[in-house]
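Shared between the two complexes below is chain A, which pairs with chain B and chain C, respectively.
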Partner chain A sequence: MKKVLSILSLLLLSIVDFATFAQTQRFPRPEFESGYTQPVTSMPAPRAGIFALVDVLLLIAALSLITWFIHKKRSRTGVVITSLFSLVYFGFLREGCVCSVGSVQNVVLALFNPGYHIPLSALAFFVIPLVYTLFFGRTFCAGVCPLGAVQDVFLLRPVSLKKWLQKVLGLIPWIYLGLAVLYAATGTDFIICRYDPFVGIFRFNATFFMFAIGAAFLLISVFIARPYCRFLCPYGVILNLVSRVSKNHLSITPASCIQCKLCENSCPIDAINKPVEVKQMEDKRSATQRFILLAMIIPALMIIGGWVVSNFHENLAMVNSKVRLANELLHFDADTMKESLEIEGFRTSGKTKEELYLESADILKQFYYGSWILGGFIGLVFGLSLAGLTRYRYREDYEADKGECVSCARCLKYCPVEKA
Partner chain B sequence: MERRDFLRSGMRGLIIAGLTAISGVFVYRNYTTEETCEFTTPCQDCKSLKSCQKPEGLKYKRDQKASNNQ
Partner chain C sequence: MRNKLILWFSVLLLVVLIAFMAKDLFTSNDPTDKNVYEYDLNSLREVDSKLVSHKESKQIKINADEIHAIATDQNDQIYVGTDKNVIVLDAEGALIRSLKLRQPASCLTVMDNGNIVVGMSTRVDIRKPDGSLRNSFVVKGERTYITSIAVQDENIFIADAGQKIIHHFDMDGNKIKEIGGENQEEGIKGFVIPSPFFDLLIGRQGELWAVNPGRHAFEAYNFEGQQISNWERTSMSVEGFSGCCNPSNIAMLSDGSFVTAEKGLERIKIHLPSGDFKSVVAAPELFEEGTIGIDLAVDSNDRILVLDPVKGLIRIFEAK
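Coming up: the complex of A and B.
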């Protein structure tokens, strides 16, 4: 009863906060058509800076709290409460921006473009979850990320997917990450933000198409746990890698595992590794041979991948507005075609066609090299995934998969072993 | 220390060092250089831009107003 009351009061508080926030946003500063420019205030606008700082402080607080709930209290309820808070604050109040998932692109743009000043809040949102993951596993995914939290709320009847299907779908986030890096590095677009299925829902302003995709993801979330996190999230890929070397990770059993098998099917994302039986240990030699063979195929896959993707570099570059405009201008015939808004805007900008074509050629060249790297990266991921299928690891107990486990703490309540 | 643990702690150290170095460079660059990047797509296409009070949104609107006045 006490727990229910605390959850209800948190929800009520969040709704009141939401109403207050909505009121403050109702009256934006008027913009005059007459050319009048508003005087610069003698005091700097404090809200924006404070908001950014509050966001970062709340991120740290939420991460610390959820880590404490998972590692010390071993409480699923605590995780749920933090999830609800994150969903309301980072999701609906802050409208899903800045988010750690999108901040990957800010970091990439800053790496490749020295003229870009990355907002410090975006940098903090990228770095802080990684540091926590490095020490405590993916506690950020557990309930601080609003995208994960919204899917977790909808999970009612988890269905287990076939292993091969999970492996195949699990390759998509790598490709998505590669594309996001390519587009951010060339200064083309932030595709993770543009195609975020939940941001439109958080902002109540999604286009019908994006709303349909968001709704589809939520509907799938009812049966398949966290489809976006597992099969699309590019930041999850980075967290997955970092979590593998984490210092402390959620352990299903607080003391010694008694092999009761109660937790075996408790994980909705199948992130529990079962003990490896003795008869499987006998296959170690052939598994090693297969691993070496596959490891030799990896360079070939990288070259093939690079060649294939580089053949599509012009198509990939068409997302860039300058390349698109140059292409449009190249095929524009003033006698037979009507001038588009983009061409009209370009004509009035005073820039010459030659300048635009040169810039476009430069961008195309970047895409050519970038697509070779992207293809090589995809080939590497495919090769390593194949090689990983034959990886042998002796295991005595039921353990959480350090990379895949999002530390949702569902499995903890299945363990009958008390803390020693 | 086991071989696996040794490798893991080495990786952790490398990641921490990498993150610190990158963050340091970015922060230093923010305070010592002039911003020249014209990448504005996220704000440009945002439907909530008019009422946006986020630092990036405010900055974008300020820059747009300044370039319109020139």
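Coming up: the complex of A and C.
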């Protein structure tokens, strides 16, 4: 019933928001009978200072509220209410921008490009959820992030994934984060925003391609909980790391675990770790051997990763518009080929080919070093994932996996233990 | 079993999605792809034959290097303003006389008493029916460019596309007032005129009609300069006007309907006094692509005279 209400309110909101959107045209849009579709504005209008501050204050308020619901009230209903608010405000009303997920790129660009001044609101949206995560776990993911909230609304029939499959798919966000950092650092593109599957839905202006991607993600969300958060979100990767050292992470039981196993299958993202018996403990000798082996494997993986990815640095650089244009110009034959819009635009810019080639060569160099680092990073992630699989962790109780758990609070109501 | 199937389907879909996104990121579009931003008007040039109400009944060839303006008088004589003279023809196109001009004509109109008022860049000449000069005056202003003249009794209204204003003069060349300038108090938004096409005519009740081409609108004013009526039709379909500034020229039929000429999509249409589309007089296929400056006149039999400056013709259209 709650699900149905959530979906109904989402649809109602869509209609209301669409009406507002439709009223913003001064002249009626011309109807192009040739099938031409007008390009849509991809960014919402910049926010005035005071409203940016309101956004930040609302972010803090929503984070505080949801943290209180999870940690003090242990209320799933409270999480759902906050989720709906975030979906409405940060999703549909703020049109998904500024969002913490995309703010990673603003931060990276600000670090690598001294000419770029990061908006304070973007910085706040990056830092504040990290601070909350450091103290309370991923309460931001629980219901403040509109991307997570929209997927949660559609989760109707959760099915469990095999552990190995989760691990394999779980590598994708790391690669995505690496690519996003590389492209932001080189000033190429903000790919997280470009491929945000839900932002086009929030803004009612998605291209068919992005709408199809968004719709497919929502369809998957019906069965696999939060597929974007778990298997794509680059900010989730950072929150995952920070959450592992969080001071007061959500605990399934409010007092002592009685091992009743009621919560065992309650987590839709399989983020509950089962107790591990003492007899499974690894002996010291074998642990030392494993450590030495990993100490050799991980650097090797990093070097191999760096070498492999650096061999593809030219392909990676092709995403950069200048490199792509230089490449196109290099292979352009006016006698046999039709001039593209980009070449035509370049011709009229007054810039020389040599200038473009020099700029392009500079960018390629950045991509060469960047792809070594990216490859090394991917190798490190593979290595550490391998290490994580082989590492023994002693556990007496049913516990939330501090990294993976998004603090959605579903498991809390399964625990029969009363608060002490 | 069913859950397993759903699970693997979902995982497969997820992997496919990510693969699609990666493909989109790393592969560029084929440079030979069609230009998606191309302003393709070809399909709009086609007009349903059921909408066409007139047929072309006559063509009159004009011997001049450039032809710019057309008007008719009460006897259905035809006046054509060229780059050098005003040519006067009878209703069948036979030459009556030719009046030499000091500058190329940009517009002209004929008064009830037979006087010919010719607009030429910044100057207005009033010629008697025999061709002698009755008066001549200059419209002041650095950006003045006269594109249309309408006359009612002793009032001359001059459309100035350069200054985006209508000048109200008397026959002696004394300026009375300006009409149509932006006036927020009276709710007049002003004329939007991106190109030198700004036409006027006097309506059946003696009101002054002006095209506001940048807004695809018609605006009616009384002689005090107050706006008394307006209508606007923006549309890429045949029911309205499109582009930066249309219609470029207008005329009026005896029932008060407007005849409109457009550029970009070269076509002649009739709009009812309410502004609603009525019919097509001439479809774009009848004109050379890129024809601009199609002037219009209507005679006492509601024949529509279309000045085709590219073909150098007066083309007469009559109702089917």
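Descriptive notes on the structure:
Criterion: the second predicted complex is superposed on the first by the 360 of 420 C-alpha atoms of A that agree within 3 Å, B and C clash if a C-alpha of one lies under 4 Å from a C-alpha of the other, contacts with A are read in each partner's own complex, and residues count from 1 in each chain.
Just so it is clear, a residue touches a chain if its C-beta (ideal position, glycine included) is under 8 Å from a C-beta of that chain, and two chains touch if they have at least 3 such contacts.
Since we're looking at a predicted model, the values are computed, not measured.
When the two complexes are overlaid on their common chain A, residue A:Leu380 makes contact with neither chain B nor chain C. Contacts of A:Val245 after superposition: chain B is touched, whereas chain C is not reached. Of the two partner chains placed by superposition, only chain B is touched by A:Leu130; chain C is not.
Judged by the touch definition given at the top, the superposed model places A:Glu328 against chain C, while chain B stays out of reach. In the superposed model, A:Leu161 lies in contact with chain C only, and not with chain B. Shared contact residues of chain A with chain B and chain C: 28, 194. Interface residues of chain A, counted against chain C in their complex, comprise 27-28, 30-34, 36, 39, 157, 159-161, 165, 169, 172, 191, 194-195, 197, 209, 213, 216-217, 219-220, 223-224, 227, 231-232, 315-316, 318-319, 324, 328, 337-338, 340-343.
Listing the residues of chain B that touch chain A in their complex gives 8-9, 11-12, 15-16, 19, 22-23, 26-27, 29-30, 33-39, 41-42, 45, 47-48, 50-51, 53-56, 58, 65, 69.
Of all residues in chain A, only 25, 28, 37, 45, 47-49, 51-52, 95, 97-98, 107, 109-111, 113-123, 127, 130-131, 134, 187-190, 193-194, 203, 205, 242, 245-247, 321 touch chain B in the complex they form. Residue ranges of chain C in contact with chain A, taken from their complex: 3, 6-7, 10-11, 13-14, 17-18, 20-21, 24-26, 28, 31-32, 35-44, 234-237, 242.
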